[in-house]
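Below you'll find the structure, written out as structure tokens, and then a few comments.
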Amino acid sequence: MFFASDNWAGAHRSIAERLLQESTGFAAAYGTSDLDRRVEARFAEIFERDVSVFFVATGTAANSLSLASVQRPGGITFCHSEAHVIEDECGAPDFFSQARLAAVEGDAGKIDPAGLVKRIAGFPENAVHHGRATAVTITQATEIGTVYSLDEIDAISAIAKANKLPLHMDGARFANALVALGATPAEMTWKRGVDILSFGGTKNGCWCAEAIVFFNPEQAKEMPFIRKRAAQLFSKSRFIAAQFDAYLENDLWLGLARHANAMADRMRAGIGASNSARLAWPTTSNEVFAVIPKAAAKTAEDKGAKFYEWPVPAARPELVGADETLIRLVTSFATEAADVDGFLACLAS
Amino acid sequence: MFFASDNWAGAHRSIAERLLQESTGFAAAYGTSDLDRRVEARFAEIFERDVSVFFVATGTAANSLSLASVQRPGGITFCHSEAHVIEDECGAPDFFSQARLAAVEGDAGKIDPAGLVKRIAGFPENAVHHGRATAVTITQATEIGTVYSLDEIDAISAIAKANKLPLHMDGARFANALVALGATPAEMTWKRGVDILSFGGTKNGCWCAEAIVFFNPEQAKEMPFIRKRAAQLFSKSRFIAAQFDAYLENDLWLGLARHANAMADRMRAGIGASNSARLAWPTTSNEVFAVIPKAAAKTAEDKGAKFYEWPVPAARPELVGADETLIRLVTSFATEAADVDGFLACLAS
Amino acid sequence: MFFASDNWAGAHRSIAERLLQESTGFAAAYGTSDLDRRVEARFAEIFERDVSVFFVATGTAANSLSLASVQRPGGITFCHSEAHVIEDECGAPDFFSQARLAAVEGDAGKIDPAGLVKRIAGFPENAVHHGRATAVTITQATEIGTVYSLDEIDAISAIAKANKLPLHMDGARFANALVALGATPAEMTWKRGVDILSFGGTKNGCWCAEAIVFFNPEQAKEMPFIRKRAAQLFSKSRFIAAQFDAYLENDLWLGLARHANAMADRMRAGIGASNSARLAWPTTSNEVFAVIPKAAAKTAEDKGAKFYEWPVPAARPELVGADETLIRLVTSFATEAADVDGFLACLAS
Amino acid sequence: MFFASDNWAGAHRSIAERLLQESTGFAAAYGTSDLDRRVEARFAEIFERDVSVFFVATGTAANSLSLASVQRPGGITFCHSEAHVIEDECGAPDFFSQARLAAVEGDAGKIDPAGLVKRIAGFPENAVHHGRATAVTITQATEIGTVYSLDEIDAISAIAKANKLPLHMDGARFANALVALGATPAEMTWKRGVDILSFGGTKNGCWCAEAIVFFNPEQAKEMPFIRKRAAQLFSKSRFIAAQFDAYLENDLWLGLARHANAMADRMRAGIGASNSARLAWPTTSNEVFAVIPKAAAKTAEDKGAKFYEWPVPAARPELVGADETLIRLVTSFATEAADVDGFLACLAS
């Protein structure tokens, strides 16, 4: 009953075995091996266009270096106020890009387009005192388990384009969002105007595989130096490539995400049917937020369930009753139905 | 016949299998799993004292964050002019520590103690214009395959201590140096006054496992934030731990280094016995530098040998004749005697 | 009728003449002249205790280097959401300190103590993902012309101390706040728990004279290098000292601030008595915010008045009517009563 | 007898009086006043072409921001090993540009063209490990009092152009070099291929006036934000403009430099004629380096002379005898012949 985070899971067997398989033999280092090249080419197929791909090893690195690649002095990147980049990366995006993040509010963990327009307008061109707008980043799926619809991405993208700002997508849970929408990778990214993508593999079955994908290779030209200076160029890069190779083969990645989402659906259904617990807000990815009795939480923990409490949103203090608690439940490729059912049983008791 | 670099090798089978083995199941993320804790404790055993250990994923990260941990504004870290930190890390140590490196010359790739004393003296305390001495770093084994003797480390350490400068050791090839000296880990580090160590596993059989080891845990207190901000805190950190777990078990790491060094010995012996080639300078680790006929280099390359040309030292232009070339040959845990012999055969022909 | 900003004024005659007077002769450079030393000592008298003083040349430098002096990796400085440091310095505080600012809301341009407590609580110790609380900064007088009372400073200071956070005061308009409160420099700073002060002279009659004042000289120990690396150590530093020498002599500075505030009082009284305009909110320093008819604004501009429109606070859209505009009027040591009256006449017409 | 540095002098009377004169009245802040605009236009006249001009307040700022304006990640700026930027600015150029400086040797304080070619070649394009060449900077006049001839600038410039590297000139003593060469400002800069100039006024009679001059305004486009973020945008910028206004009027600046150089000539002549002292090396600007008896140095100091000892060049240990010392003597606009003669008298006694 491990629902603390999808990164508590290990690596999917196919990926782990591919690592073992690729462990023998010699290959050129620093991302120049045949395998590196081949897997990079695979990304072009998946995204149905030329792309520039840079493997890195953590989601924080992927986001930070993506944003660094489009920064300029005094720059401001706009993100949702609950985004991972501003809340959970210890200032890494600011550090690597020597620039700042500015938070925009919005319901359901998504940037409110009108709010974004207004926020950007606070940084008129050449107003050196304020700094200047330089990028927009969205998180797909969001930190609170929701997913931007294609139309919603279009809305943000249109604003970014109107202001000549590159649009980045933090796809730490890219696959979960993709299968939730039933879209293709191209449809959810560059066809919507996304310029740079943090394509995450770690949370969905790899052990450390993240890729920065540039849909406009021209924008990638500083990245080799940005990545090396950031200590993210791996000598045995082929092992990141190997993970992606297995991950992308025969749509394994989509299958893993579907499984994780299905386990979340099962959880959502169970909670919805419960008379002691309820969903805090609707989600469609592999994260579930629920209000449950404190007693049920205690029961679950006693039975070994792992999950985190979640702060009650400031705007909705009435959401959680006195004897209740708000929790986050994250499913993964490794979650089993029995674990979900075991957890639901704790609520019933 | 892969002698381009030890990082062209894959991962040792025991390590690769351990990764597979640890790939199932759930564990706490971000370095807090039982396995992380257990392997950290293992470092204390190996170094015979309390240590603070931080896993990172590249040698550049290990060095850069080590140096960042002891930096202050205007700081200068002294290193050898050919050190990896100043030559091969794209400015990462400067970037992460917001400080500078200053080169000190020295024979055989090692800092000359007298030169170090003089260089440090160029930064008297409170001379704000120049900046200030803040650290010393040595590379063990060095970039050109030599190894500091324990006495030589003592000499550098004494200067560092006299100037109240922390001493860092870049141990990307720590194991190769250790077995070359026949010393214990403690003898080659803190017993000599080394304060912080980049303990490298990647070049010696892991796929990505580096550890920053603080012998004075007090100096490590900023490191959790430095590492996270540097995007080097891994969610599935247990997979770095797993590599080290296998690496350190039953002295596997020492055996792998002994093998690599033995292969280099075999190469050195063969070249020494050759009448067409010769060693450029004596080395005792897993790197061999040789002057060979250009024709022999061509023959070897035609037969598939991989190795790099090396720049002729400015101070020794006579080292290499008109029809000769200076090359670097690196052996690893995966090098086989037949490959060495195959390469030597090219020289003979 | 120059009310655009107090920095549109020139330099007070006594200060300008002192610069001329000190322009001859030779003196030790980089802050080591007798005059530098003497003026530094004068700060100790004014603040009734030992202080460490560092002259710099812009308010942005004073704030940025103050905050840099207490930063640590992953650090967060808390400030009001409308503070100059976060709104008007193009990211300089973040850049110099390699850290972030986090905004706290509060009425009247002042940090709300309860909001501060809550915001700090969002950064529990050792929660590396979020970063960590490292400092608090308040602006006295605030960006919207209000002044923290001594009790209000105490409230913020108590929170800072409870969380072991150094407290910085941005005193770009320190003198205006001081005379508004009728307090002594000591009472408004270290007796309230302020650790570091940006003591501004530029807006109040100097041409470029700012001082960073450390009430705990121990905290100042990195500053010589921070200042030099920031390109803020002046070779002819004695000319900053000369400005402060005249500024602080015979309480000139307090007289200038009293004059500026009196001119603002005159403006406030006139607007209060007007039947076409009104104060947007009460202020007690040299800034006045008024809602006036657009026609009156046009009239004033036509007559040569200089002032800026001010954004209507998001929380108070009803503040400004359809035919009205919100403006900021700043008085200075150089403002004359006739100018205030001339502006008021425009409102009457 | 003040020969410690030209920055020990005050401000020239014409400049100091202009500051007084401009101290009254109101003017737009942050570099937008009429005076700012007018003086910027004056630079275009002096340099005989369109230029973009940015006033800053210290030479370190001028150099650091100049170099920052052309930096890219992993960048390397090449400078002479004794250049002010690498020796005397506490790492500010590295800090502001998040890049590194690499030293090139050369006689007489000037970059050796062959050495520069070789050093640049050490950073082949796309060799991410080493970093990449991004700029070249020369100091005119040099730190040791010599002056690059126009041909010598051409030689460096040709190399920079061949490698597509922007060329920066640190002109802290620009005027002294200019009159030493008898060249025009255009001839010594953009006609030679200089792209960016730190135009120093402080050492030659201003109290704090430095200008960054871009000969290709296109390259200046990031500078407004770079300057503001660096805390170098002055609210009362008109006072820097005022200094330059007087400085450039009627060629005052050239006259001041001629005077300083003439005083140095007088010193050189006197030392050349002395039988106890001698010039350490030939110089043509306002710096004189002399080997004098220790006894004479003592005598001079006892009589109040101020000057600095200078380190004996490592390559020329024989330069200074046992009873001798190497000193630097700097003249300025304020140096009087009587002072020079007084110093020379100390040598004679």
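Worth pointing out:
Lettered A, B, C and D in written order, each chain numbered from 1.
To be clear about the criterion, a contact is a pair of C-beta atoms (placed from the backbone, for glycine too) under 8 Å apart; a residue touches a chain by one contact, two chains touch by 3 or more.
Computed from a predicted structure; not experimentally measured.
Both copies, subunit B and subunit D, contribute mostly matching positions to the interface they share, with over half of the numbers common to the two. Taking the CA centroid of subunit B as reference, the farthest chain centroid is that of C. Computed centre separation for the pair subunit A/subunit B is 34 angstrom, with centres defined by C-alpha atoms. Averaging Cα coordinates per chain places subunit B and subunit D 41 Å apart.
Averaging Cα coordinates per chain places subunit A and subunit D 51 Å apart. In subunit B, the residues that reach two or more other chains under the touch definition are 74-75, 89-91, 95, 98, 128-129, 131, 225, 228-229, 233. Listing the residues of subunit A that touch subunit B in their complex gives 2, 4-5, 7-13, 15-17, 19-20, 22-29, 56-61, 64, 89-92, 95-96, 202-203, 207-208, 225, 228-236, 238-239, 306, 334. Against subunit C, the residues of subunit B that register as touching in their complex are 30, 68, 72-75, 98, 126, 128-129, 131-132, 222, 224-229, 233.
Subunit B makes touch with subunit D in their complex at residues 74-76, 87-91, 94-95, 98-100, 128-131.
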